[in-house]
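Heads up: the structure comes next, in structure tokens.
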């Protein structure tokens, strides 16, 4: 037997609301199957399963809010001979620090923290100091994003709200599939970005790249194709970034537990702004291995699903780096804020015709500003500079993409 | 043992110099206890003092903790200034009647007619593989009792100067000397010639959280603060020093500034001094707190003999770091 | 009466008066207890008066007294005024311990009266300590330490006797052997019921004394105190006695027979002393009546003093938990 629990779809997710079961007891599921839809502050997410199993029992009902790690269903795993009624074993979560074997035995071995879990009432955790300050300032502390212990709203969170505009309590926002709450998403973004700016020592580099060759390649590719099959410049930008990252592993991964952990693959989170406000950056997996038409198809599908609320859990969890592009109607350049625990974000401004010196003369060229914001704990400017320079080289020779 | 640095000495030497000072200063002061004379003290604190002061001032006693403590109390009432040594705080349980029923009660019960200016020193704490009848930290128990003062010198300076302040105090004062500290070295500041026995002391200023510790856990707390600093967490370490009466003002001032607190106590967690402090913080500082109060205490077992088990049972630097990180850098 | 002490009229009447003061004080205390003027535990000394009165004849003002929870008699015999003793039992501020100790914890600094100790044998280590201090600060002073035979079962008894003997400290150990430790008869508590043997085991000179005879107690106490003041170390007196009343006020006395109590009452030290003084023409009937009237008046005055007393201000509850200075 194994337990299928509410997945953590991001560091800032505390709980999710089960919107819909896509399986029923007795169904056989395989790795990668979508088994449920869960509503989070980032919208409705299709939740995948990562094992071969038969569903024994659905433990959470539709409409029920379950905290991360809470039981959703029981599974009979393949080759599992134990009776279905066997009591669930607590998950062992031995970390390196805790693995001093002698420390965890005996009846009194419970770690200093009590093992009990308080039933969450839906009331947000607000520290006493934060609650007092919020009352003094007339701010509703439960409307704020908590960066304190256990996601609690801390004194600093309230001070931050005083400094900036306090986030208003979500009004009657238009409800999307399963009850998506834009205010909730705003809070999640605020939490992640605040944490990033507080914890990550960013450094910034930028480069201006001549896109004339790439745009030429694109117009040749798109010639005669229907609009649905046309390729966008974003595809080239993504592919160039992915290939360049192969040579810059220290920019592709995570800063966790005071150390950099390089990622296994190059999964680029593509920042997508939502029509109702807010932002998600679902991952396109293994971008460096995808052919351009396939990459374009993935990108198109991803944007559509992001805006309709059909993202898969793995897409929300797996990004190893983020790329943001403000597109045609955006600004000339963009310098991003890293999404922790990632260590870098690459920003592409809009492509615009500007004067450029080439072959000793000033000429009109299609130029783009490429920026890198990177975590100085994980990498240094030299590595960042090389990454930008590689991206430039690749975009100058689009045939190589 | 001789160190060329002026003022550099061990905690043990500081204890001895304090006793020597006291004996030279007051002819009514004397030392009594098991093995304090010929043997030189179980932890060698009084070594050499018998030769220096003679058997009337350094009194070897039979193994009889109750009358050792009781005679010290009676002598104090009679006008002497006894320094009673009990070998370890585990043994002091045999003297509990005298300490709790007499020393602590007589001034109040007599309506203030009699003071009991006795000083009782004892070794406390684990870390020397002495097993379950020589390693316990019972100072928290004594800190429960009104009518006595409880001191826990955690530095060489306090070991050197707390005794004089204790002897000047008209009340029974218990001094708990942690066994692992005796060999610790420190350098005395020549400017300091006395310390108070009323206040806690900030040993390391910081802004992100407060670590409260005392006695044998103080060096661990300071070490933890050093490690936390490397991780960008600025921990303040407050040495409780005086376990009864607790210096609420210093404790509250620190915690109301940092809003987060880890209490380190070598006593067991249940019904401990750390519990008392946590309760006071909850009582008086609730609306200043930004996180739950966390405690690092000895595991709820009699202290075992094998080194790895003893280490696992006692609060360690890594435990303090872990608790502090969880408060200061929530995920 | 026995003994080699020459008892003149004045001294004889003094002994009688002291015992009568105690007897009638205790009687009044019992009455006031039932009237709920006195609460807590109340242990009365009826029958044992000869010991406190006899011992005190050998002591002077430099000496210290460590007593038990059955100590009204000791306090009165020591010369502590009856009013403050009664007020203490009322719990009044004017009591000798500000009313904080009650019946079991009478303290008086001027009389060097160190309680009123309610832990059996708990006062003994303390007495060893005051003797240790006295040897240096008040040469010649003696600490008289009272305890019951029940104390002989406690470790503190043995620790104290050993240390006092070892260091030759000026302690007069006075065992008031009334045969019952609360309700435990001596025979089922001690392997050797001769308590004096225990002192001899520590090399402490000891004697058994008729605790129902104040003159016998006084003679033994004089001998003991003289030996102690000469620097010979502690001395031990086992005074055989009997308490006429219950252990404390709430005691049905299942552990002893009425016949036994009646037999011992025939040896009442007060009645015998009275008869002896009159027979020996050391006290007339008129003098007896006069003494009785004076004692009754003293008690009446003490009760009035206690009744008129005040309650300590609750704001002072925590005063003296910690002292600001050593008194005087």
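By letter and in written order, the chains are A, B and C; residue numbering begins at 1 in each of them.
Basically, contacts are C-beta pairs under 8 Å (C-beta built on N, C-alpha and C of every residue); 3 or more make two chains touch, one makes a residue touch a chain.
Keep in mind that this is a model prediction, so the values were computed, not measured.
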Far-end chain from chain A, centres as C-alpha averages: C
Chain nearest the overall Cα centroid: B
Chain A-chain B separation of Cα centroids, rounded to whole Å: 51
Whole-Å gap separating chain A and chain C, where each centre is the average of the chain's CA atoms: 86
Approximate Å spacing (C-alpha centroids) for the pair chain B, chain C: 41
Multi-chain contact sites of chain C, meaning residues that touch two or more partners: none
Residues on chain C engaged by chain B in the complex (per definition of touch): 64, 95-101, 105, 107-109, 114-117, 119, 122, 124-134, 136-138, 155-156, 159-160, 162-163, 166, 319-327
Touch list for chain A against partner chain B, complex: 11, 97, 100, 102-103, 106, 108, 112, 127-132, 147-152, 154-156, 258
Residues of chain B that touch chain A when the two form their complex: 231, 259, 269, 286-292, 294-297, 299-301, 308-309, 312, 318-319, 322-323, 326-327, 330-331
Chain B - residues contacting chain C, complex: 28, 61-62, 64, 66-67, 69-80, 82, 94, 97-98, 101-102, 106-115, 117, 146-147, 149, 170-171, 245
